[in-house]
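Paired with chain B in one complex and with chain C in the other, chain A is shared by the two complexes that follow.
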Partner chain A sequence: MNPRAADALLGLGGILIVLAGWELVARSGVVSQSVFPPPIHAMVIGLRKVPLPDLGGHVWISLQRIAFGFSAGALLGVVIAVAGGWYRVFGNLVRPVVEMLRPIPPLAWIPMAIVWFGLGEPSKVFVIFLGAFFPVLTNTWKGMSNIDATLLRAGQTMGLSGPELLIKVAIPATLPDIATGLRIGWGLAFGVLVAAELIAAESGLGYMIMHARQLGEVEVIILGILVIGAANLVTDWLLARVLANWLGKWQDTTRAE
Partner chain B sequence: MRDDLSRHAAVLQGAGFILALLVAWEITSALGWLRPHSFPPPSRIAQGAWELAVRGFPEGVRVWTHALATLRRIFSGFVLAMVLAIPSGILIGASQTLDRLTHPVITFARSVATLSLLPLVIVWFGTGELSKTLLIAYGCFWVMLSNVIAGVKYVDPTLIRAARTMDTPGSEIFTRIVLPAALPRIFAGARTALGVGFMVIVGAEMIGTIEGLGALIMEARTFYRTDVTIVGMMLLGVMGVVFAIGMEALERRLLPWHRGLSEVRR
Partner chain C sequence: MTGNAMPKIEVLRVSKHFGAASSAPVLSGVDLACAENEFVCLLGRSGCGKTTLLNIIAGLVPPSSGEVRVDGERVTGPGRGKGMVFQQNALFPWLSARSNVEFGARRSGLEKQAARRIAEELLELVGLREYGERYPGQLSGGMQQRVAIARALALDPQILLMDEPFGALDEITRLDMQAELLRVWSSRRKTVVFVTHSIMEALMLGDRVAVMGGGGIASIHDVAKDRPRSRSDPAVIRLHDEIWQGLH
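Right after this comes the complex of A and B.
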């Protein structure tokens, strides 16, 4: 058997062991099944209480919020970091402000987000924005300040200067770090989603599971947790693929030139 | 010399800019251009900090009580995660079969946003201390576990082969080669885990408590005391930085042979 198939088989075995253990403990009667339901049972009941179209709606809303917050955070993070890394004075001014705000956990902004943006969509998107903004910014900045000086000098000998040098040499050299920042930022955006959706939400996966808690529907909570995990896993994988593709293309073109 | 000069210039520019921002903030507030509730001016925030230190918010619960409650929760969750993750990570990292068996489960468990477990732990364990500790432990555990596994797994095989040729017994290979080689990564994991702890605690403290900085900032907002909210946010930031620096110092003391390995990407 080839090693990849063996890996997949063993991995599947691991998942089955966890599910079987869960099933056994839940059925053993040590804890009531309404508090700790067995996995398949939880899925079935969960889907009965929140039918697939409703569940899909919650997923869709949550993904939209993440997409908006993440795009805004990633865009602004890259722009500020590129400008700060390239234009020294701008960097000197902005860096300390960023370093002061960065250690504040994104969730700690929730009360101010409510004060500034009210209880609607913008405050949720703002919290997700913060989750993505800082990792993208710091990684991009790190990339900008670690550009190989030889590359820049080579660019200059070929007659590039100013913005042209920035766009043709500096930014492409920073792309791998930007990619790292984007993936970390995406993960954090998912991490803060549930808390962001605690703000007076009426839809979204975070709302779904917190609402289920009030109704005591453990099955829906478990379904929601698994769906959030799966959504994170799938979208992160997609993002990794897109980024690898993008970086690969750029590396190929530099080689062709 | 020129580098020194430009570094001084950078610090001066940065400090000057922050100072200018604070002054502008204070003046625009005094002129009534910024609503004091949305953007409490620095002087108001300083008053809030003073009140929090002397009288407390809510009255009687002073800032130290909040900070200590938060630290205690992070610490207990963090330690619990360490105690569980280090031995299991070493075990998994040392065995190829175990590693392949657990890999998908660990990947999935890491993808589960820690705070999405909040409603579940509330149903299971109530809104008390145990729930908060467990949430933080969950977040720290998986980050830690992946780093310990990676640390043990990627020990340079040449080192191990070299030891084998010298007839070193297996247990000694483990304690004298694998463990020291894995420690930098384990430390990197601990640093990341601590960051996760600081992130999760704020969400965990938004429910079922009036003690702790997460509770403080939410509570202060409902009473229109955004100045106190901002003091709480600043404290969370400062505590996070202090602990990160402390961990780095500890690492430098304990692992003089290794400098700054960045953590496994989350």
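Right after this comes the complex of A and C.
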């Protein structure tokens, strides 16, 4: 078996051990099963209350919101950071604004989002957008400011300057940091999903969980939490694969000597 | 071409100081001329201004006063007529060795097909035909510098500027690379300015060795010996002593 498959199997094993431990503790009767139901039981009951097609619908709408918010946030984050890192005047203009807004948690924007966008889709997408925007922006900016000067000089001695030097040398040199930003941004977009869907949503995993709490359906809450975790795990893995492909062999820059 | 006497590279009264104009200059009133196809080594201690002078010739750094001319034309900025090989890490890590060389060839105005052919030829010339698909991070330091030389040659530059290109390599690889460079240079004649802090390296490579110190060129030594030269050649040893003593 190749080492990567072995690693993946171990990871799966870890998840199963935790689920098994949970199952045992919950069945032992130490805590009431109505507060802390065993996972398999919870999933069975949960799926009875929210049948698979409905659950799939919630997952689908949540993923759509994340995809929109993340794409917009990532795109704008990369554009602003690249421009800010390359054009000094623009960078100095934008940097303090970014530094001021960055520490504000995306959730703190929810009331403002409702005022601006009402209760519809855009307000949820906006909060997710914020979750993705800042990590992508800061990582890209960091990459742009840390480009090895020798690479730029090499480009210049090959007759490159201005936008051509930016596109052919500076941006490719920043790709690993952009990739890091995208992964962190994706994680955060997932992180704020439930909160975003607290905004008077009628669909999505966040809504499903909050609605279940009102009805006292602990099983559905657990099902929702597990599905969010699994969806994040799977999509993050996919994103990592795509990015690794995209960066090619460049990433094994660790010594061949 | 008016013919015989015009130097390929002329450095005319070049001075450079960084920061305040009152600060001690790194270079003051440097004059140097390199003939077509000549191999000139700039030798000196760290901080003597040899890399600064090379960067000024490349057009990467403007002189505070004076000027540099290549083929009689004043240098106003970097460009592909002046190929440069840096000490290390100047290859684009996102491109394979072949694509790095091809990048240089494309910059010299070649179409994709022609650029690819040139890249193959140059990789062959530097002995890395088998390694075209490798990325810089998968190559040893010496191999990376071979690719960097191939990339600079792919520009088909009028002059080749080398900034301690073997300075980061281990001694053994360094000696191999010196021989390799001479072999490549003998098949692709260029005017070369080669910066080094190794007296022996300068004596193995250069037609002339310009010793730098005190903000300028302290002395110039002709190495009138056919290459490949031997480190134990009496003339080489004599020059080595002469330069060594001149540095103290």
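Side notes on the structure shown:
To be clear about the criterion, the second predicted complex is superposed on the first by the 231 of 257 C-alpha atoms of A that agree within 3 Å, B and C clash if a C-alpha of one lies under 4 Å from a C-alpha of the other, contacts with A are read in each partner's own complex, and residues count from 1 in each chain.
Quick note on the criterion: contacts are C-beta pairs under 8 Å (C-beta built on N, C-alpha and C of every residue); 3 or more make two chains touch, one makes a residue touch a chain.
None of these values were measured; they are calculated from a predicted model.
In the superposed pair of complexes, A:F190 makes contact with chain B only, with no contact to chain C.
Of the two partner chains placed by the overlay, only chain C lies in contact with A:G248; chain B stays clear of it.
Of the two partner chains placed by the overlay, only chain C lies in contact with A:T150; chain B stays clear of it. When the shared chain is aligned, chain C comes close enough to touch A:A173, but chain B does not.
In the superposition on chain A, contact of A:V44 is made with neither chain B nor chain C.
In the superposed model, B is the one of chain B and chain C that contacts more residues of chain A. Shared-chain residue A:A200: touches no atom of chain B or chain C.
By the document's definition of touching, of the two partners only chain C reaches A:M158; chain B does not. In the superposed model, A:L24 makes contact with neither chain B nor chain C.
Applying the stated touch rule to the two superposed structures, the chain B and chain C interfaces on chain A have no residue in common.
Contacts from chain A toward chain C in the complex involve residues 148, 150-151, 153-154, 156-161, 169, 172-173, 175, 247-257. Listing the residues of chain A that touch chain B in their complex gives 6-7, 10-15, 17-18, 35-36, 88-89, 92-97, 100-112, 114-116, 180, 183-184, 187, 190-195, 198, 205-206, 209-210, 212-213, 216, 218, 221-222, 224-226, 228-230, 232-233, 236. Residues of chain B that touch chain A in their complex: 6, 9-10, 13-15, 17-18, 21, 37-38, 97, 100-105, 107-109, 111-120, 122-124, 198-199, 201-203, 206, 213-214, 217-218, 220-221, 226, 229-230, 232-234, 236-238, 240-241, 244, 265-266. Interface residues of chain C facing chain A in the complex, by the touch rule stated above, are 58, 60, 77-80, 82-84, 86, 88-94, 96, 103-104, 107, 134-141, 152, 155, 161.
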